[in-house]
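Take this structure, written in structure tokens, and hold onto it; I'll ask about it next.
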Amino acid sequence: MAKKVALLQGNEACAQGALYAGCNFFGGYPITPSTEVAEVLSVELPKIGGKFIQMEDEIAAMASIIGGALAGSKALTATSGPGMSLKQELLGYACIAEVPCVIINVMRGGPSTGMPTGPGQSDVQQAKWGTHGDHPVIALVPASCQEIFTETVRAFNLAEKYRMPVQVLYDEIIGHMRERIEFPEPGELEIINRTEPSVGPEEYKPFDPSFGDVPPMAAFGSGYRFHVTGLNKAADGFPTTKADLVDNEQRRQLRKISAAQSDIELNEEYMTEDAEVVVFAYGSTSRSARYAVNELRKEGVKAGMFRPITLWPFPEKRIAELGKQAKAIIVAELNLGQMNLEVERCVKGACDVPFIGRVDGEPINPGQIMDKVKEVK
Amino acid sequence: MAKKVALLQGNEACAQGALYAGCNFFGGYPITPSTEVAEVLSVELPKIGGKFIQMEDEIAAMASIIGGALAGSKALTATSGPGMSLKQELLGYACIAEVPCVIINVMRGGPSTGMPTGPGQSDVQQAKWGTHGDHPVIALVPASCQEIFTETVRAFNLAEKYRMPVQVLYDEIIGHMRERIEFPEPGELEIINRTEPSVGPEEYKPFDPSFGDVPPMAAFGSGYRFHVTGLNKAADGFPTTKADLVDNEQRRQLRKISAAQSDIELNEEYMTEDAEVVVFAYGSTSRSARYAVNELRKEGVKAGMFRPITLWPFPEKRIAELGKQAKAIIVAELNLGQMNLEVERCVKGACDVPFIGRVDGEPINPGQIMDKVKEVK
Amino acid sequence: MSSPRIEVIERYCKGCSICVEFCPTKVLEMDGFVVRVAKPEACINCMQCELRCPDFAIKVHAE
Amino acid sequence: MSSPRIEVIERYCKGCSICVEFCPTKVLEMDGFVVRVAKPEACINCMQCELRCPDFAIKVHAE
Amino acid sequence: MAFDYDKYLRPGKLPHIWCPGCGHGIAMKGLIRAIDTCGLDKSNTAIVSGIGCASRLPGYVDFNTLHTAHGRAAAFATGVKMAKPEMNVIVVGGDGDGTAIGGNHFIHACRRNIDMTYVIFNNFIYGMTGGQFSPCTPTGHKASTTVYGNPDPVFDISKLAIGAGASFVARTTAFHATQIDKLIAEGIKHKGLSVIEVLDDCPTTYGRRNKFRSVIEMMERLKTMAVPVAAASKMTAEQLEGKVLTGVLHKEEKPEYCEQYAEVIKRAKGA
Amino acid sequence: MAFDYDKYLRPGKLPHIWCPGCGHGIAMKGLIRAIDTCGLDKSNTAIVSGIGCASRLPGYVDFNTLHTAHGRAAAFATGVKMAKPEMNVIVVGGDGDGTAIGGNHFIHACRRNIDMTYVIFNNFIYGMTGGQFSPCTPTGHKASTTVYGNPDPVFDISKLAIGAGASFVARTTAFHATQIDKLIAEGIKHKGLSVIEVLDDCPTTYGRRNKFRSVIEMMERLKTMAVPVAAASKMTAEQLEGKVLTGVLHKEEKPEYCEQYAEVIKRAKGA
Amino acid sequence: MAERYELRFSGAGGQGLITAGIILAEAASIVEGKHAVQSQSYGPEARGGASKSEVIIADEPIDYPKATLVDACLAMTQEAADKYSKDIRPGGLLLVDEDFVQNPPVGDFKVIKMPIVNTAKNEVGRMIVANVVALGAMVALTEVVSRESGETAVLSRVPEAFRELNKTAFNLGFEKVKALIG
Amino acid sequence: MAERYELRFSGAGGQGLITAGIILAEAASIVEGKHAVQSQSYGPEARGGASKSEVIIADEPIDYPKATLVDACLAMTQEAADKYSKDIRPGGLLLVDEDFVQNPPVGDFKVIKMPIVNTAKNEVGRMIVANVVALGAMVALTEVVSRESGETAVLSRVPEAFRELNKTAFNLGFEKVKALIG
């Protein structure tokens, strides 16, 4: 039988990906250009007995999905820059309390209200540093409607696997554009669910490190009664200020990600094998970059593209290698300088890192990239 | 006449510095370990006819100081990590609307509620990236009670001069410890006030670039009627989506800082002239570093310390130079890896950047630093 | 007494037809996307149209 | 009927003296920072002390 | 005589962004007439808003205007007022802005009884973002996120304001156009926090989905919904079913916040 | 017979962090007795709090416990309840947590009428951070940020809750210890959002600054302040001056949110 | 068909041009199995003013999703015609509603005039289907998808009750243009 | 005086030990013009439990503001003595309230016992000044500031009405220790 196909907006694809992944809880607050994610789920979730709730603001939305996730749901929220800024405190809460959930940030122009209906890619450093304190971060940056679908599924999987919030960031352009989506069959994509405790309620500790860096997680109401707090805590979940206990917990949390980089990292490389100039681009900008690379190759220019699909943790090693291979890694993004800094850090001076930034509400077009590549050649 | 001296807590020194700088508006919401800043100002401000208001939350506190500043006040708020996370959206508003104000972040352990009475330095990247969108950032990191006083004054000066929010970050240790403060005489420290319009209300445009990258600012109620918005705007203050107008404004705002780096940057170097190992440290940690450097020098080790007092914009150039001179720049901070990344970026591989991090509620002690220096030697 | 002059600022009029509906004497009419003063002489200067136009698009000038 | 047994959990008692003040028959007394059962025989089993202790530090066991 | 709105409008900013038939324009005109009635000095008046269609109002009027972030208008306005108590401060915004994300600042402004006027444009919907339900969307009605009928109970904004301590609370509708300026003017003159709720219409996102065939029908609904407080006292509970009271719903004299703070200053200076 | 609190306490967690004489302990015991009265299954009950002294309660009791961020308890709790409507969800927290930073989530929980019980420990102050005034600190009183006397008017929490749409609202004090469990139990049994305000005491930060010489004096004040609703109806306005009403202040039957949402699900599945 | 074919539908907000774009993209990508990307630009506030919807159709996956040089553009209003005809490629096509675009822009492209709204209003009987009339016309003009695919896509979007109406509209648009361009 | 002298005041929350530390730091830095840093550690919640205040005094500016090896420690309760006597330097001093520290810790330091709270209660007449008694005792014991400077600092902190009381407390503490250590 042929697969189900449909022409979907990026935001619709996101909602469909969430449903495929088993999402059964959405808590949100409307904001352009993310609203369609909520709108689709408000229709679809009740059909499967799932819950859709529109909360009083983005903080409450974030709180509701953490609450929902603790009660066993696979929970999602979707927002844009201003909402993302508001969610920061509770994003940190989800990190320290190790609650799996997925946050969609459909990026528009910023800062502040900025340009609500224009595209932006200027929340990518915020994705890592927005909340105070040290915490693990996973952020994915799909570049097409189909990929929004699959990356949303992957976001849920990573959230469940590593027991933490996972962010998916894409810009208004792909959030609002429509492409054909092929719906994977049930079972076609792997679906991961959180590990449930293998010990009984009496022995259960919610952050028991003896089960590894990602301890099993029980749901509220399942017979396991435990404590959850945003204070620094010991393995038993109760607050502590004992230096060694705090240290253990804090480092374990970061280690969840640092030790699993290879499992989480996902990149696409396009014609980088022999590339003298590599364009680093993600999201909608990578589409311009690919177009540019194709054109440049036609002209005999050895250009290639590196496209992170997992933005955080950052593909440090591979960028360092490319830095040694290429004359330059051009970073193109819809902001005034964000991921280029990270690329600069990783190449350690081995090559130039020219930058193309744009924040006027227009996309970076292939021509801009081609010009820059020719400049550095 | 002898200067007025007093034994003051860091937080008290901050409040006194603010008063010296001409602060006449405080809007806050209590949070450990910053509360004493508010407490002192609640007593002192009304004495000089200034305003102290305790708002319903940190968002409202931030809103109130922006409102107060637009009405002509020199406005301050003080908070700690969780509050800082909540303020992010409006911090971005203050940036795009170019409203001078000062935000104190007395850093505690994080993320989330973390360790409210323990020290931390884990909000330093948040200071730059916490809000969505591109925006200029100035952040200062004093290391003693006296310096909290003077840096608070400088924060107000920079806020007024560059017409933007300025953050002052210090950790719980110096926020709560007491040292002797010498109060500068009135006039001893320079006090800068925002430039008022030189044109009449009819010609006034609130973001008129013909007056330079920092256009003069009128106060509400002064006869100049203008519009303020968090949307992307043109020079006349009204919202626009015209690409060129948006671009001009966005770039001008970043240029305010990038073009004035030398005016804003402030570092202390201690025995770096011939240092083979440089310790990069700020805030309370720099005190341990200085202690360690002194001890190491006694042992004949050529150690030195680089201490940023302006953390953002980052002292890129000087770090690059030191990277070439030193075998290693050790970064010591109360977090699990933040400013070390920035140092790594700037040295471009010219030297090693070993890291000492701590997040267990205890300070980094001189011994830890000495050990690390000896390791890399 | 001559009847009031009805000024329609076409650039502002969005054609919502509120004024048309509220005019008690059917002075106004829709003309595609904008309003038209069809029967100026019938105007009784009740100001309903001006009061209710959401777009500042209609003014009633009594002499 | 023998008088109830008053159990004070010293580790929990913070010496607020609420129980002392509310005991109608002066069974309890402060002893430095903790409460002491001074006149157990006077206890009338009214449960006031247990009810009002904020620290779960006092229990009244009627036989 | 035609009312001279131009005196208060910024030249060159019209037409405004609101859709054809959007009630916000009617409410805005009422606000301007009220300001005119009260004779407020333009340079000494600030109009503060959040984000939403209604919140775009300040851009069009010639005062000290402050278009803030979604939901935060009352808090910004409080800062302006505290800094310059001699200024007239008026907050405008939508039902979503004021009672969803901005609910906390709204109730605290009411509690403080700071001398500002809060005009809330209640069109029962989040208009700007395309018609998701707001805390004021009637239960059972449709919005883009409640296609099966809104399960949420609504806020009675006026009741909420009174519960929070507002000292002047009034309500009217876009149909009752002349009452808008009267009530706002009374609110402006009132010392303390005054709330004026104007029920209006969003044909584009609310009207269409809820089967109103025209703006006029929406106006009709406002007309029939409204019962003046005086009339209501003579009506039975059944008769009041589905109705909303209009007019001044609550008025009391209470200490004003800036005046109270002036007392603090006095005490501090005396101390 | 001694009440067996141990059944509900987590072993090894006492003594709690509260100061000597802190009323939170008394209120907590009332909550435990109420839960016992209602016979709630521990594994099927969640206790959710924000941040503050009062909000430390969940750590001590043997349920599904969730100590969230400052002010956000009601929103987290709403998520838990929506996800598992069959669970009993109880929110606890201070006056600051619930009505200052958490005011918005509080009023929206009231509006939704979601079946949870919100027990608010009103000690008139921000205890945890050392005694800054809260929206419930009496006007004129002292706090660390109002040394000249608090200029802020106070929230009447119960009135606010009613204004926001709560369907069950009750109030008592730490002095009226046996009433605490009765009212909370009634609230738990009530279908919909119930608010029980317990006026209690913070000797450390509020008592000291306001010249109370002992916890007992603070208890006395609570005793004399309180007037049962029934009694109040027979008293004059002057007699009620400075008093607060206690008992069930408001009770009505309204559709419960999770049930309403269950209807949405039905409609969606039918569609 | 060219490797990459760019179409633009422009007019006033509320005229259904986004829907027209979507239907065309569906005809191409779902019915015909080509690659298509549809996008639109929102006004400052997504209400009022000029509105546009773009569709790019290709045999290969489409990288850059925005128009570079437009092959064919529809303009239903004067404002839209003025604003959005700028980047029509040399030799491209511009279809205008002759009743609303009184001064069609001139340039290195071919202008086709047709009474779109009026056809909907007077010949189909419902102004609301003007966008479908326009779609039929654009399909006829560009042949970027077949008439049948276009019709299938239209019909799969509309409820049973409106199928005839839309079918008529689509075909009228198609035929009118065919008649015009011969 | 050593180049860097570290003192610690420990006991129960509410005993005024932070104030004692502050007064000592003021005596050193304001009255005597030396360098001093005072700090304290808060319990998890700043209430109840053991509490400590540290003062570092030096002739030079003080870098590291926390205690490294404590020269002299005061412990008013058993819990504090157990918890905070650990990092007293070899040969350092530990002053305990003999009525509350029944089992003074043993180590390579000198323990001095004295009835601090009881002196305040019975000899000064107000338990609340126990911290000032302790301060007098610590000054006598360490000679880190002069008796006069200590007294000056105490008096400049207290309201007129309580000056005598505090003066008495300070001097009683001072003298008792002098008598003890000869």
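The chains carry the letters A, B, C, D, E, F, G and H, assigned in the order they are written, with residues numbered from 1 in each.
Convention: contacts are C-beta pairs under 8 Å (C-beta built on N, C-alpha and C of every residue); 3 or more make two chains touch, one makes a residue touch a chain.
Since we're looking at a predicted model, the values are computed, not measured.
Once the contact rule is applied, which chains count as partners of both subunit C and subunit H?
Output, common partners of subunit C and subunit H: nil, no chain qualifies.
Taking touch as defined above, what minimum step count separates subunit C and subunit D?
3
Suppose each chain is reduced to the average of its Cα coordinates; what separation in Å results between subunit A and subunit E?
39
When the centre of a chain is set as the mean of its C-alpha atoms, what distance in Å lies between subunit A and subunit B?
Centres of subunit A and subunit B (C-alpha means) sit 29 Å apart.
Using mean CA coordinates as chain centres, what's the subunit A-subunit D distance in Å?
That pair's centroid distance is 58 Å.
Any chance you could list the residues of subunit C touching two or more other chains?
14 - these are the residues of subunit C that touch more than one other chain.
Using the touch definition from the top, which residues of subunit B touch two or more other chains?
32, 43, 46, 56-57, 59, 82, 89, 93, 112-113, 116-117, 229-231, 239, 241
Where in subunit F do residues touch at least two different other chains?
18-19, 51, 69, 100-101, 103-104, 108, 128, 130, 135, 146, 148, 152, 261, 264, 267-268, 271
Residues of subunit E touching subunit C in their complex?
Residues in contact with subunit C: 1-3, 5, 9, 14-16, 18-26, 28-29, 177-178, 203, 214-216, 219.
Under the touch definition given earlier, write down the residues of subunit F that touch subunit B in their complex.
Interface residues on subunit F, with respect to subunit B: 51, 69-71, 100-101, 103, 126, 128-130, 132-133, 135, 144-148, 152.
Under the definition above, what is the set of subunit A residues touching subunit G in their complex?
5-7, 32-33, 116-117, 173-174, 176-180, 284, 287-288, 290-291, 294, 363, 365-366
Quick check on the complex: what are the subunit G residues that touch subunit A?
Going through subunit G, the ones touching subunit A are 22, 25-26, 29-30, 35-46, 62-66, 68.
Subunit E touches which residues of subunit C in the complex?
Those in contact with subunit E are residues 7, 11-12, 14-18, 21, 50-57, 59-62.
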